[in-house]
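Have a look at the structure below, then the notes.
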Amino acid sequence: MDNLILVVILPLLAAFLMPAMARTSEVLARVTGLMVLFISIIIITSVWGSVDEQAVSYAIGGFRPPMGIVFYIDQLSLLFALLIPVMILLFWPWNKVTHIREYSLMMLLTASASGLVLSGDLFNIYVFYELLAVASYGLVVAQGRAGKKGEGAALAASLRYLILGAVGSVMMLIGIAIIYTQAGTLNLAHLALLAPEKLNNMAGLSAFALILIGVGVKAELFPVNTWVPEVYGAVSTRLSALMAGLLSKLAVIVIIRVLVLLFPQPEALQLMTILGMLGVISGELVAWRSRDMIRMLSFSSIGQLGLVFVAFSIPGDMGLMAGFAVALHHLLVKPALFMLASGWTGPLESLKGAAKQSPYIAALFVLLVMSLLGVPPLPGFWAKLLIVVNLASQAAPVYQFALAFVLIATVIEAAYLYRVVMILYHPNQGQQASVREKHKAFELVIASGAAVILIAVALQVQSMETKLSSMARQTGDRQHYINTVFSKLDLADIYHQNKVQQTDFRSNNQLQGSK
Amino acid sequence: MSVLDEVFILCALGALVLFVFHRIRGIEKLAVVFYAALLYLLIKMSGLGYGGEVIYSSFSLNILGETLQWRFDAVSWFFAIITVASGLFSAVFMSGKWGESYREKTSNAAYGTLQIALLLNVNSMLILLASGDLLSLFIGWELVSWASFMMMALNPDKQARQAAIKYIVYAMAGAMAFLAAMAYVYGITGSLQYAELAQASAALSNGQIILLSLLFFTGFAIKMGLIPFHLWQAVAYAETPAPGAVFLGAISARMGLYAIIVVLIQLIGLGHLQQIHIPFTFWNLQTVLAWVGALTTIIPTYIALKQNDARHLLAWHGVGQGGYMLLGLMTLNSLGSAGGLLHVFNYATYQAALFMTIGAVIYRTGTANFDKLGGLVTQMPLTFMVMVFSIIGLAGLPPMNGFVSKWMVYRSLLLDGEPLLFVAAVIGTLGTILSVYKLVHNTFLGQLRVEHQNVREAPLSLLIPMLVLAAIMFVTGMMPGLVLDWVASAQLAMGLVPVTYNLGGIVLASGGLDMIWITLILFYGLGVGAIIFYLLGGRAKRVHQYDNYAGGHFLTSRVRYHYSHNFYAGLMHLIGGWYRGSFKKLEQAIVSLVSLLSQLSENMYRSAQPAMMVIIVVVLSLWSISGGIN
Amino acid sequence: MASFNSISELLAQLLFMPMLAFLLGLVMVLMYRKIAARLQRRIGPPFFQPVYDIVKLYSKDTQISHGLIHDIGIVVAVGGYVAAVILLPVPGMDGIADKGGIITLSYFLMIPSLGMALGVGQCANPNGSIGISRALTAMLAYDIPFIIVVFGVALHYQSTSLVGMIDYQQAHQWGIFEMPLLAAAGLFALQGMMGKHPFEIYVAPAEIATGPMVEMSGKFMGGLFVMQSFQFYVASVLYTSLFLGGGANWFEFLLKIFFVVEIPMSISFLFPRYRTEDMVRIMWKWPVMLALIGIAFVI
Amino acid sequence: MTMPGIEVVFYTGAIGLIVIGMAGVLMVKNVFRMLLALVLLEAGASLLLILSGFRETGVAPILLSGHAAGQLMNDPVPQALVLTAIVIGVGIQALALALILRIKHRYHSLDMGEIREQMEHDIAVNSGVVSPASAQSPEPGGHHHG
C-alpha cells in the first residue's frame, strides 16, 4: 500500500527527467515513459485485491491527518488509478517523430491525474488539477491535428481553453477560500466531519457552485464547455479520446468526492441537475446539426457528460451508481468512437458507402453507437435505465424536468446517430470515397477491445451491477471516509479540539455579557 | 427444460447459423426449415390456445433488484403463432424464384442480410411476446424496433431510406415515452413486475393513471401507427423488399396492440380505463382510446385512397386496420375485444397475401405504380384471384374472415350503443371498399399495357404461399370458430369475459352470426346467379380485350386507355380539400423547432464568452441558493 | 336455432324466396316505368314489357364477353342479390333469414356493386372504368346514411335480427312511428340505393356510352335487368321490415312493399339528376344529419 | 466586534480585484490584455485565500521562544497554499504568453474575435467540411454550405 505513492511520484519524476535524459540517450528517454506506466499498472494491480468493502487511507510522510497529507484509496479511486495508466498507455503517442516533451507532458498528465483521484486533501486536489490543466494545454498544442491548418487551430484552441480553464481555476480557488474561512481545514475527511455544521449554509453552497464551475471546465459542464468542440476539432483524435474519455471523468470524480463529503444540501444536487440537463439537450441539439464526425462526437460528448451530471445529481447511492455506470460506459465508448472517427474525416456525406469498403469497422461503429443510445441489452441501456428509473422516483420537480430532457435528448441522439449509420450503409459510394484516410491498426484494436468489453459486460451485467453498487455504497458513505482517514485517536483529538474552541468561544461571550 | 426454452434455443441457433452461412446459396431452405421448426414448437405449446397453463422459461435474470423472466400465456401464444406463421410464409415466398431474382439484382450477401433481418424480426418479436415484466417488455420492444429498422434500411431506394430514418426516430420517441412510463411505475411501486403494477394501479390517483396510460399509450401507439403518429409507418413498410413488407405488414405493427393489451388492459386494468375521466371533459380513458382507434380507421384509409402505388396503398390500409383492432379492443366487452383480436389474425392473413400478390406483380412487371400497370388479369389469373379473395377480406365483405372480425366489432359497438364510433368504423370500411377496388382495378383490370403482353403467371414458389393464405382466409372465414378458440383463451388471459362462439361464428341471444350458413347462402345465391347467366340465353363470344366501344371509335391497340390516374376524381373533387396534411405540417413544425433550437445552441457554443458563461452560472447558482428551484 | 321443420321446407324457402323476389321485382319495374310514363303524359309499357326486355336481351345473337371476370361480374351482381333476398324475411318464410341479421345483410348489399365493378373493369373500356368509379362513389354516398339508419334501428330494437325486429313491431308499434327521423333518412338513402332519379347519373341513359354499362350487351344487360328487379324488391322489403312492421300476412306485405317503392318512384322524376359530387354532398348532409338526430332520440 | 476591522478593507480589495479581473476577461478583446485581467483575477483570489487565515492581532506564524503560549498567530496554511497557487499561476501565465506569441505569428492578430474566426475556419478546413479556397470569406464552422 505504501508504494502507491509511486504512482504519482514516478511519472512526475519522469516528466522532469525525460528531457534531460533525451540529451544523453534518446532511446532511454522514450522507453522511460512506458516503463513508468507499466510499473504504475503493476503497483496498482498488486494492491487491487486489498481494497474492497473497507477503504484504506495513507498518510504521506507519516504526518497524521488532519495536519498531514493523505491519500484515500477506495474502490473508486483505485479503479481510476488503474484506468489512468492503462488509458494513457493505450493512447500513448508511439510515433517515432514525437517530440520528447510530448512524452514528458503525458507523464505529467499521468502523475497529476493519479494524484487527483487519490488525494484526500482539497488543496492537493487543486494543485493536481492545475498540473493536469497545464499538461492538457500543452498537449493540445503538441498534438494538433496534422495538416497545413492544424497548428494554428491547435494554438488558438489551446489559448481559449487556457483562458477558460484559468478563470475556472480562480473560481475553484475562491471556493476553497470560502471553505477554509468556514471550516478552517482543507482535509477532506476533516471537512466531512465538520460539513454538516459548518458548510450546510449559503456560504457552503456558493463554495460548491464555484468549485463546480471551476472543475466543471474539464468535466465539460454545461456553460463552461465551449472549449470542447474547438479543442477536439483541433487536436488528434487520440488526444480527443483521452480527454473526452478519461480527463472529463476525473474532473467529475473530483466534483463527486467534494459533493458527497462536503455538501449535504439538496440545492447543490439540483444545481448540478440543471446544468447537467442543459448540457444534455444543448449538446445533442448541436450534434444533430454537425456535419462532420469529430464535431458530432464532441457535442455528443458534451451531451453524455451532461447525462453523467444528471445521474450524479440524483440523491443517494442509486444516483452514484447510475453516475458511475454512465460515466464508465462513456469512458469506454467515446474513445472507441473517436478512434473510428479518425479514419472517417471529412463531411458526413463523403462517408457514403463506407460500410461496403470496411464492413467490420462499420459494424463496430453500429455496435458502439447502439450502446451509446441505450439499445438493450447493451450496457448503455442499463446505464440509461438506472438514470431514468431513479430520476422518476425523485420528488423534486427539477428531476422530472431532467427526465424529460434526457428522454428528448435521446431521441435527438438517435436521429443523428442513425443518420450516420444510414450514410455508412449507403448503397452508393460517395464522391470522396477515394481520399478517405485509412484506419490505423491501433485504432481498430482499441475500438474492437471496447466492443469486446461492451459485449462481455452485457453478458455479465449482473456481476457488474454488484460491483458498481458496492462502489457506489462505499463512495456515498461519508462516515466511512471519516473513519478510514482518522484513527480513533485522531478523532478523539479532533473532538477535543473542537470542544475546546467552543468552550473558549462561550467563555468569551460570557465575559462580554458580564461586562 | 420447458418448450419456451426450446423456442429460445432454436431462435439463437437459427440466428447463429444464418449469420454464419448467410452468403451461401440454399440458406433459404434452411430458413424455411427453421420457421417450420419454430411453428412446430409453438404447436407443441398449443395447449395455451385452448385454455392451457402459462408456460415459463426456466432461466431468469436478476438485475436492479428485479427478476426478469420470460413466459408465454394465451395472448402471447396467439400473437406468436401469427408471427411465426407470417415468418414462415414470407420465408417460403422468398425461398424460390423471388429470391433468385433478388440475388441477381443485388448480391448473395444482400439476400442473406434480408434473411437475417427477417429472422431477427421473428426472434425479437418472440422475445417481446414472452416478456414477463415491464423491463423485459421494454427490452423486447427495443429489439423489435431495431430489427424492423434493419429490415427497412435494406432497400437502397432514397425514399425508403428516409422512411427508415423517420421510423427509427419515431420508434425511439415511442420507446422513450415507454421508458418514462416505466420509470414512473418504478418510482411509484419500486418494482417493474407486472404483478406489482397490477396491485399498485388500484391505489393510484386518477392523475397518475392518466399520465401513466398516456405515456404508455403514446409509446405503443407510435409502433402501431395510430393517429397522430401514423405518418411514419406506411412509407416505411411499403418500401421494404416484398417478403419484408409481407412480414412487417402482417404482424410487426401489432406488437403495439400486444403491449396495449398487456399494459393497459391487464395491468392498468379495465376498471380504470372505464372509470377515469379526463379532466374538463366528459370522456373517460376508454372513450379516448376508442376514438383514437376510430380516427385511425378513417384518416389513413382515406390517405390510402389517394395513393398511386399499390404497396403504399396497402401499407396505409395496414395503418387503418390497426384502428379497427384498437376500436374493437377498447369496447372492452367480450364480443368487441374478441373481434379486435380476431382481426389481428385475419388481417395478418390478407395483408400478407396482398403484399405477396403485389410482390408477384413487381416480380413480373417490375413496378407497383398504378400508372404503369393494368389489365394483368389475363396474364396472371391466379394472382388476381388471390388478390380478389384478399381484398374481400380487407374490405370486410362476406364470406372471407375479415368480415367476421369486423362484424364482431360492429355488433359490439351496437350493443354498447356507440353511434358515432360505429359511423366512424363504417366510413372507414366504405373507404376501404373504394380503395381496394381501385387497387384491383388499376393493377389487374382495364387495358393491358403493351410492354406487359408477354407477362406470365407468377411462378409456383410465389403462388403456393399466396394460395394457401387464400385458403386460410376462406376456411377461417367460413369457420371462425377455429380461431375463436385461441381468441377466447387470450381473452381469458386478459381478464375479459370470453366470447361465446361455435364453429360457425358467434352465439348471441339478440342475433348472432353463423358463417357456415352465410357462406352457404352466398354460394347458393351465386349459384343461382350463375345458372341465370350461363344456362339461359345464347352463348357468349369471347372477344379481344380491345374490341370495345368508345363513342363510335375503336380504341386502337397501340395507344392504351387505362383509367387509373386520379381514379375517384369526383370524390376527390369533393373531399380533396380535406387532405390538408395537418399532421405532416405538425411533424415539419417539430423538425423546424428542433433545428431552430439546435442553431441557437450552436450559436451559443460559438460566440459565448467563457467569462460571460461563468457569470451566468454564478447568477444561476445564487438563484438556486436563494431557493429559486423549488 | 333453425326454425324450419324439415329439409324440404328449407329447400322450398331457398327456391321460392328468390323466385318470388324476382317476380315481385319485375312488377315493381313495371310499376316504375308506368309511373314515369304517367308523369310524362305517356301511356307506358304493357304489363309484360319487363319480361320481354329480359327475354330479348338474353336471346340476342351476339353476346360479347370480354373475359371470365366480365361474366363473373354479372353472376356476382345477380347472385349477391339472390343471397340477400334469402336473408330477408317474408311472411311465412323466415327460417334462413335468422342466420344473417341486419349487419350481414348490409354487407351482402355491397357485393353486387363490387361484382359489377369487377365485371366492368375487365371490359377494358376506360369509359366503363370512369363510370364505375362514379358508381362506387355513389355507393359511398348513400351507404353512409343507410348504415347510420340501420345502426339506429338495431340500437332501438336492441337486436340485429330482422325477424326479431318485425316481431317487435307487430307486437308494439311500427318503427316509423317510433323513429320518424330515422325513417325519413332511410327513405333518402333508399332513393340512392335503388339507383333511381335523381341519384343515378352513373347509369343514366344519356351516359350509356360513358358509364358502367358501355360494354354490357345481350344477356349481360339482361343480367343487370334481373339485378334491377331484385334491387327494387330488396330495398322495399328491407325498408318495410325496418320501419313498417314487415308483413303479418301476404296481403299486408305486398301492400307495404309496393307502397314503399311507389314513394321514391314518384319523387324521382320531379328532380333533375345530381352530379356525383353533388350527390355525395347532399347524401352526407341531410340524411346523415337526420339520422344522427334520430339516433340521439333513440338513445 | 462592533467596529469594522482592518480586514474589511482587505476583503473589499480582494473582491474588487476579482471584479476588475472578471470584467477585464469579459470585456477586453485583446488577448494580451485578457491575460493581464486574468492576472488581476488570480491576485484577487489569492488575497481572498490569505485573508481566510488572517487574524487581526495575529503575529507571523513562526514558533519562536519569545512568543507567549496561546498568542494568536496568523494561520500559516493559506499562506502556503497561496504560495503554491501563485507559482502555478505564473506557470500558466507564461504558457499563455508563449501561446499568444505563436498565435500572433500565425494569425497576425491579437483580437479574440478574429482569432476565433480564423481558428474555426482552420478547424473546418481540417475536417474537410470547408474547402481551403474559401479562406477570404470564412464560413465559421462551415455549417451553412460547403
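Letters A, B, C and D mark the chains as written, and numbering starts fresh at 1 in each.
Convention: a contact is a pair of C-beta atoms (placed from the backbone, for glycine too) under 8 Å apart; a residue touches a chain by one contact, two chains touch by 3 or more.
Here the structure is a predicted model, which is why all the values come from computation and not from measurement.
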{"item": "A-D against B-C, pair bridged by the larger set of C-beta contacts", "value": "B-C"}
{"item": "Nearest-to-centre chain - CA centroid comparison", "value": "B"}
{"item": "For chain A paired with chain D, centre-to-centre distance based on mean C-alpha positions, whole Å", "value": "23"}
{"item": "Distance between chain centroids, defined by C-alpha means - chain B, chain C (Å)", "value": "36"}
{"item": "Mean-CA-position distance for chain D and chain B (Å)", "value": "63"}
{"item": "Centre-of-Cα separation between chain C and chain A, whole angstrom", "value": "80"}
{"item": "Residues of chain A touching at least two other chains", "value": "160, 163, 167, 289"}
{"item": "Where chain D touches two or more other chains at once, by residue number", "value": "22, 25, 120, 143"}
{"item": "Contact set on chain B toward chain C in their complex", "value": "375, 377-378, 381, 384, 388, 395-398, 403, 407, 410-411, 414, 417, 419, 422-423, 426-427, 430-431, 433-434, 437-438, 440-441, 444-448, 510-514, 517-518, 521-522, 524-530, 532-534, 536-543, 545-551, 555, 561-564, 567-571, 573-574"}
{"item": "Complex contacts: residues of chain A adjacent to chain D", "value": "123, 126-127, 130-131, 133-134, 137-138, 141, 145, 147-153, 155-160, 162-163, 166-167, 169-170, 173-174, 176-178, 180-181, 184, 186, 230, 233-234, 289-292, 294-295, 345-347, 350, 432"}
{"item": "Contact footprint of chain A on chain D as seen in their complex", "value": "18, 21-22, 25, 31, 34-35, 38, 41-42, 44-46, 48-49, 51-53, 75, 77-78, 81, 84-85, 88-89, 91-92, 95-96, 99-100, 102-103, 106-107, 112, 115-116, 118-123, 125-129, 132, 142-143, 146"}
{"item": "Chain B to chain A touching residues, read off their complex", "value": "61-64, 135, 138-139, 142-143, 146, 149, 153, 156, 161, 164-165, 168-169, 172-173, 176-177, 179-180, 182-184, 186-187, 190, 594-595, 597-599, 601-602, 604-605, 608, 610-611, 613-614, 616-618, 620-622, 624-625, 627, 629-630"}
{"item": "Residues of chain C touching chain B in the complex", "value": "1, 14, 18, 57-69, 71, 74-87, 96, 98-104, 107-108, 110-111, 114, 117-118, 121-127, 129-130, 132-134, 136-137, 139-140, 143-144, 147-148, 151-152, 154-155, 158-161, 164, 209-210, 214-215, 218-220, 222-223, 226, 275-277, 280-281, 292, 295, 299"}
